[in-house]
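One chain, subunit A, appears in both complexes that follow, with subunit B as partner in the first and subunit C in the second.
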Partner chain A sequence: MYGKGKILFGLAVFLGLVTFPFYSNLGKVGAVPEPSLNTPVINAMRDKECVESEEFMEAEHMQLLDDWRNMLVREGKKKYVNSKGKEFDISLQNTCLNCHSNKEQFCDRCHNYLAVKPYCWDCHFGPKETNWTKETDV
Partner chain B sequence: MSMDRREFLKIAGLSTILGGVGGATILGGLRGEDVEASDSSHAHGNRPASTLAMVVDVRKFRNESEYQRCIDACHKVHNVPTIENPKHEVKWLWREDFEHSFPGQGHEFMEEGVEHKDFMLLCNHCEKPACVRVCPTQATFKRKSDGIVMMDYHRCIGCRFCMAACPYGARSFNWQDPRGFISNPNPEFPTRMKGVVEKCNFCAERLRKGLKPACVEACRDNKAMVFGDLEDRNSEVREILRTHYTIQRKPQAGTNPRVFYVIGG
Partner chain C sequence: MGALLSFVGVSILILFAVIGAKANMYTLLGVIIPYAAVAIFIVGVVIRVVRWGRTPVPFRIPTTCGQQKSLPWIKQNKIENPTSTAGVIARMFFEIFLFRSLFRNVKTELRDGPKLDYASAKWLWFVGLVFHWSFLVIVVRHMRFFLEKVPFLIQLAENLDGFLQIGVPGLYMTDVAIIGAVTFLYVRRVVIPQIHYISLPADYFPLVLILGICGSGVLMRYFTKVHIVGVKAFTMGLVSFSPKIPEGIGTIFWVHIFLISVLLAYFPFSKLVHMAGIFMSPTRNMMNNSRMVRHVNPWDYPVKMRTYAEYEDAFRDKMKAAGLPLEKDEEPVEQSEEKE
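Then we have the complex of A and B:
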């Protein structure tokens, strides 16, 4: 092969660069964030149960929130009855975030990890998140 | 194929009859279709279970602060931004003089007290809302249970057709993120985001809790604004409508507003 040394060197450099993202991240991946349940309201609960089961909430919470917004805004329903027959007020701000008052450790952790950017917070307030105002006059 | 004159006239005559019948059917269908916003008749067949309405007694607003406390109560509880620039301003409840509130209903010799008075204006929650007809995403819709014209901000794409359609200027567009313009927000009610249209919701969120609208609550001592169900014969609003002469804004628009005004007398 003509110019064998140069070609092999070039190939090695090329492969090194191309595979750089893989070996540089080796061992770092896999740290799936665990949403924190450490809030005063949840800690004070005897049965630590969400609106539905944990598996359902993990997989379907976005669907549930979508259903809730249609039920409340469009159908005018105030209450959600879960699979066990228990009633909840339909409200992201006042029901969900009442228990999950740690939005950063609960919502944002997973959403950031998965690089999803739900636009809930453009309008709805996160817990104690009202300090964006210009002046507070209480 | 050759065709003599007799044959030609037969076919021509037949197709005129058939075409005429078809055409008449189409025209009849068009005429028969109920065009909601164009019908200003007050004859009603099926009444809904409840129709929420408001009566504004203009005589009872005597000074600046009586207007302002209602406006402030509304804008505060709904996180309505205070924007100075009139091109970007957002309003749910506001005031306007007679000429702009009731165009065409005044005249040059009318009573000065009324002519120069300010009127409390808000979304009329019309029986036949023009905004609902034009909304391409059904983001704004008329709730069947109580007749409130609601906004689903999740669905609004900010096309502003509803603003063009509304004869009352009751809708405002968020040209910018409203959050920078709200001092001391109410944490229990969301704000809006840049690019959606907003308006009065008859305090749907307060009614849900059994409360009266915030503006009605704010002027409860002189009952300048009264809220209730039009379908209930004994409701306060029906009582006032029965005993006082009231007017609506732009009745000629055919939308049948649900906000009534006691002007004088």
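Then we have the complex of A and C:
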């Protein structure tokens, strides 16, 4: 091979970059996170139901929150009627976080896992994490 | 022909992935094909590079487009006509990161009269640059699916890319850019008659394939959502060699993964391998020092030669007798000593 040193160096860089995800994860892969629903308000509920169905919330919660923001801030609507005709106050802090008072175990688990940084908390306060939510969570 | 064929080809691939996902062939789609594709990609590229490395390039063949090193009072263009390693590195840098030679692309046109018109054509350079850089940023962004703790630089790339904060999930600028750029590159081949004439299926296919990959990715992120935590569980399983297939990720994801696998496996056998080839191109990476260094062809056969001086020594008497002109018209040294 001609220019052996340079070519081998280049190939080493290539291999180092391409296999980076493989060797950097060796023996370090943790468990897949599961958002926790263990909060006093949710535990006290008879029908454990969110604003919309679980599948919808999992896929579209960011869209819903964005819609809520526009409805409240731009259109002045204070109530949201869900697909079953049930009414909810449009409020992140008073509606969503009333039940999901465990931001660290609910929101942050998946967001951190996927390195998603929603800008909700640029403006909103997160819920105050009590010892109860932190310690009793499994 | 190729323009249509490549669409048909990619459609068949998508159909295969959809049917595979519907038939629950996840071990094939999610484990066997991705691993095989990555292996083919890595081994294939290495083999290509080694094969290029084995090919001798005995003489300097850089394409130069600047003043050669000459008399001291003539200014040399050290980058476009390099005679030093630093010059070559600078030249390669501009070539790889800014597509310097494409910047010189011209349009030739026969407008009115028998004269050819040459005009600067920067669109190909610009769109090519947009395409490649977007692709790089997108690959870097995707590293968040392959690393447990996402490093700061990767998050930075993501934040800058989504800096406009349009909609949720935030719109990435590169997503718009790459789809626009790929579409341009495809339309360019169809619309310009000269380019259309020289375009082969192998020119259209990668573009359509990449369009399919970007399209399925965009669909997943902004429109028909997939089970994203499951996606990361799947990708982490792949890179940690303990593949697992989480339930209910969504068909579109399998299309995405399958098209990427095809791209990776296709890579070393196609024009796409210019990713490695750019580093190996002798017209770019050689110094123009033919007038300073003697370059000997390594495959020259060692021919047994007889110089003219040896020939004359052997036949001097006969040549002299025949009255032929001699270069060394004297008696051999030993004989002249005997006479004295």
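By our rule, the second predicted complex is superposed on the first by the 100 of 138 C-alpha atoms of A that agree within 3 Å, B and C clash if a C-alpha of one lies under 4 Å from a C-alpha of the other, contacts with A are read in each partner's own complex, and residues count from 1 in each chain.
One rule holds in what follows: a contact is a pair of C-beta atoms (placed from the backbone, for glycine too) under 8 Å apart; a residue touches a chain by one contact, two chains touch by 3 or more.
Note that the structure is predicted; figures quoted are calculated from it, not measured.
In the superposed model, A:21 makes contact with subunit C only, not with subunit B.
When both complexes are overlaid on chain A, the residue A:74 reaches subunit B alone and has no touch with subunit C.
Once the two complexes are overlaid on the shared chain, A:5 sits clear of subunit B and of subunit C alike.
Once the two complexes are overlaid on the shared chain, A:114 sits against subunit C while remaining clear of subunit B.
Judged by the number of subunit A residues each one touches, C leads among subunit B and subunit C.
Of the two partner chains placed by superposition, A:40 touches none, neither subunit B nor subunit C.
In the superposition on chain A, contact is made by A:93 with subunit B only, not with subunit C. Contact with neither subunit B nor subunit C is seen for A:85 once the two complexes are overlaid on the shared chain. Contact with subunit C, but none with subunit B, is seen for A:59 once the two complexes are overlaid on the shared chain.
Of the two partner chains, subunit B is the only one that A:122 touches; subunit C does not reach it. Overlap of the subunit B and subunit C interfaces on subunit A comprises residues 119.
Across the complex, subunit A is touched by residues 141, 143, 145-146, 150, 152-154, 179-185, 187-188, 190-193, 204, 208 of subunit B.
Against subunit B, the residues of subunit A that register as touching in their complex are 69, 73-74, 76, 78, 93-94, 119, 122-125, 130, 132-138.
For subunit C in complex with subunit A, the residues that touch the partner chain are 38, 41-42, 45-46, 49-50, 53-57, 143-148, 150, 154-155, 158-159, 165, 167-169, 225-229, 232-233, 236-237, 239-242, 246, 276, 279-280. Against subunit C, in their complex, subunit A makes its touches with residues 1-4, 7, 10-11, 14-15, 18-19, 21-22, 24-30, 32-33, 58-60, 62-63, 65-66, 110, 113-119.
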